[in-house]
């Protein structure tokens, strides 16, 4: 057990009732995961994980395959109900809420397998993210529609997809698909982005574009949580690292401290 | 007494539904193929049994063999030449279902054209009913259907828990990746699933042909019921499919007691609706909300 | 001969309404229903009842028929859409079977097996429409309006939401789409529009019974959509025309045994469904062969 691990647990907030106001440290906590657990059959996918995502920084989830990183995302976004524990978004519990409500509250995510709207064009993919109403028409008429289309243009410009605007997602190249999945969540105005291996398989050029994009968005005030194996992201981009293994949070802290821990490094590099 | 009579009939029919539903559930659970043509397999097995026994005058053991072979061959051929090509390019639920439904229509009409559209049944010495109690008529076939269903379920359970292929089939439904590392190809397992699933319709097909009788739409009818049983029991659960098959068979027959024959299918689907509304995961199923 | 052709054209346009409205949920929403004939039937029976007991006015009978179908479809959609796609197929199949029993048993509404006879000619603002060509014109206008409604919807935000759900339900959820409401709305809309076809059919035939609203009809309409091409405008129209012309075409092939025409027709479209799914799952009119949902 490392020293870092001990401090990670000591700084944890005790779970308490409605009177909880929080210290100065807690005020910039955007998302609070408290004692979260998930059982699949007999398998303990997530085991008593507590973790805070602080506003305006990049937190990276690392850990070997099967550590439960994506499961954690799925529980935050409401796609999978947890067996135990709580997830609080800006102080309010989201457990039991429908995924679409959680999404509208400001938590956006990408998927490891992208899950693009394959038979829709790039433009439609982005546009539909801004239209979450269930009614037949969007409010605001033509002027709002023009504004939305404007925003689509900006997003496509940033993600380098301008030329592909009317191409179906199905017909895009690999890197373009990855950028489209980013473009989709850029359109949502969410405060928190959960990115599931956004950089894996990117060529160097695309990777640099991705980093640039990420830095700009964080500067604009977006909070990011990334699942990533890429060491460069882990070391150079992340402000904080949370280390998961076999469903347990082993450590949570500054990148260098975590990586200097020989025990964690052994798990991390041993797996790769 | 009518109650007991209908209960006995219900158990027999229920046993047949249970087996067919188990076959569908096995195939759907392990391969994710929505094999609607499972009903066509049932019809083919029933008609060929009838043809071999009554048409060709073969001994019943040969007739059973003909029926079983045809069912397995049909199931495996569909898997190889219809589902496999579809899954190679896309294999969405929709495409698979449509193709399966299409082949069901083709088989039903072919059987109708070849064997005629009327009801037919083949009388065997076992079909003769005996008055066991005043007002309660039972044939050896009643008991035989139930006994063979039990034997099939025990054998199936043993196969799935004790053999390499059986374990592979169960693993396939949980995690296809795992199966690859296990040294089995999902494609091969799919063939086994179809062979085994199709074999499970044979007892039901034979007892229907020798008992209540068959017409070209019989496969369709049995498939509807099996589908309902699969969902009521919980998709992927053999135990569930068996219990639900029995439940539906009995409910259907008891409905005749109070309501009349025309309501029997309606009752089945009322049960189905009840489950979809209140317990969509079925008796033993896992949570199914996507 | 003209009468024969006019009759065929009216029936084609009625079925084209059915296939177009079914395509709306299959092609754009990815919802697979085998109960379309139920809403066709509810539309027919309701319009017949209104025409016989209240007024044969088109603008009264048709809206009432649409409302009846909409309410019934809500009963199907609300529970069934909460769960996976396979369940909706099963539930719709269940509804279809239940409905056939109800249609044959509920004598006061449907006249039982015998059906409803003597449905009066429909009136447009008091003017009766009974000549076949007038009727053809009326059903073509209805078809056009329905096509325009659906085409417009598909290009609105609602249409995009539907397609998003079709392509990836989990991603649509993660983007804040209330998929249950959106899907339910699409089923209700599709069913209500299918009721228009039912009303037209009842007025045109002046006699309806349960035979027209069985599972076979649902399957036939499904085949029209699939063979023609899902998620296109012209696909379902082409499908409806082809499958309605098929029986007539088969009767001209004199070497076929006439008693088997019905079977041969079903074998042809069953086989067409299988082969298309293997080689061209998008249907005949397919914008992207080999890759449609």
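For reference, chains read A, B and C in written order, and residue numbers begin at 1 within each chain.
In this section, a contact is a pair of C-beta atoms (placed from the backbone, for glycine too) under 8 Å apart; a residue touches a chain by one contact, two chains touch by 3 or more.
The model shown is predicted, which means the values in this text are computed figures rather than measured ones.
Student: Edges wherever two chains touch, nodes for the chains themselves; is that graph a line, a ring, a star, complete, or other here?
Tutor: Chain contacts: open path, no cycle.
Student: With contacts defined as at the top, give the pair, B-C or A-C, that has more of them.
Tutor: B-C
Student: With chain centres defined as C-alpha means, what is the inter-centre distance between chain A and chain C in Å?
Tutor: So the centre of chain A lies 43 Å away from the centre of chain C.
Student: From the C-alpha centre of chain B to that of chain C, how far is it in Å?
Tutor: Each chain's C-alpha centroid was found; their separation is 30 Å.
Student: What are the residues of chain C that contact at least two other chains?
Tutor: 170, 291, 293
Student: For the complex, which residues does chain C have touching chain A?
Tutor: Residues of chain C touching chain A: 153, 156-158, 160-161, 163-164, 166-168, 170-179, 181-182, 185, 231, 288, 291-293.
Student: Spell out the residues on chain A that touch chain C in their complex, using ranges where they run on.
Tutor: Against chain C, the touching part of chain A is residues 77, 79, 98-101, 103-104, 108-109, 111, 115-120, 124-125, 127-129, 131-138, 168, 170, 184, 188.
Student: In the complex formed with chain C, which residues of chain B make contact?
Tutor: 34, 82, 85-86, 89-90, 92-99, 101-106, 108-110, 112-113, 224, 227-228, 231, 235, 262-263, 265-266, 268-270, 272-273, 276-277, 280, 288-290
Student: Within their complex, state which residues of chain C touch chain B.
Tutor: Interface residues on the chain C side: 26, 30, 32, 79-80, 82-87, 89-91, 93-95, 97-98, 101-102, 104-105, 169-170, 219, 222-223, 226, 260, 263-264, 266-267, 269-274, 277-278, 281, 290-291, 293.
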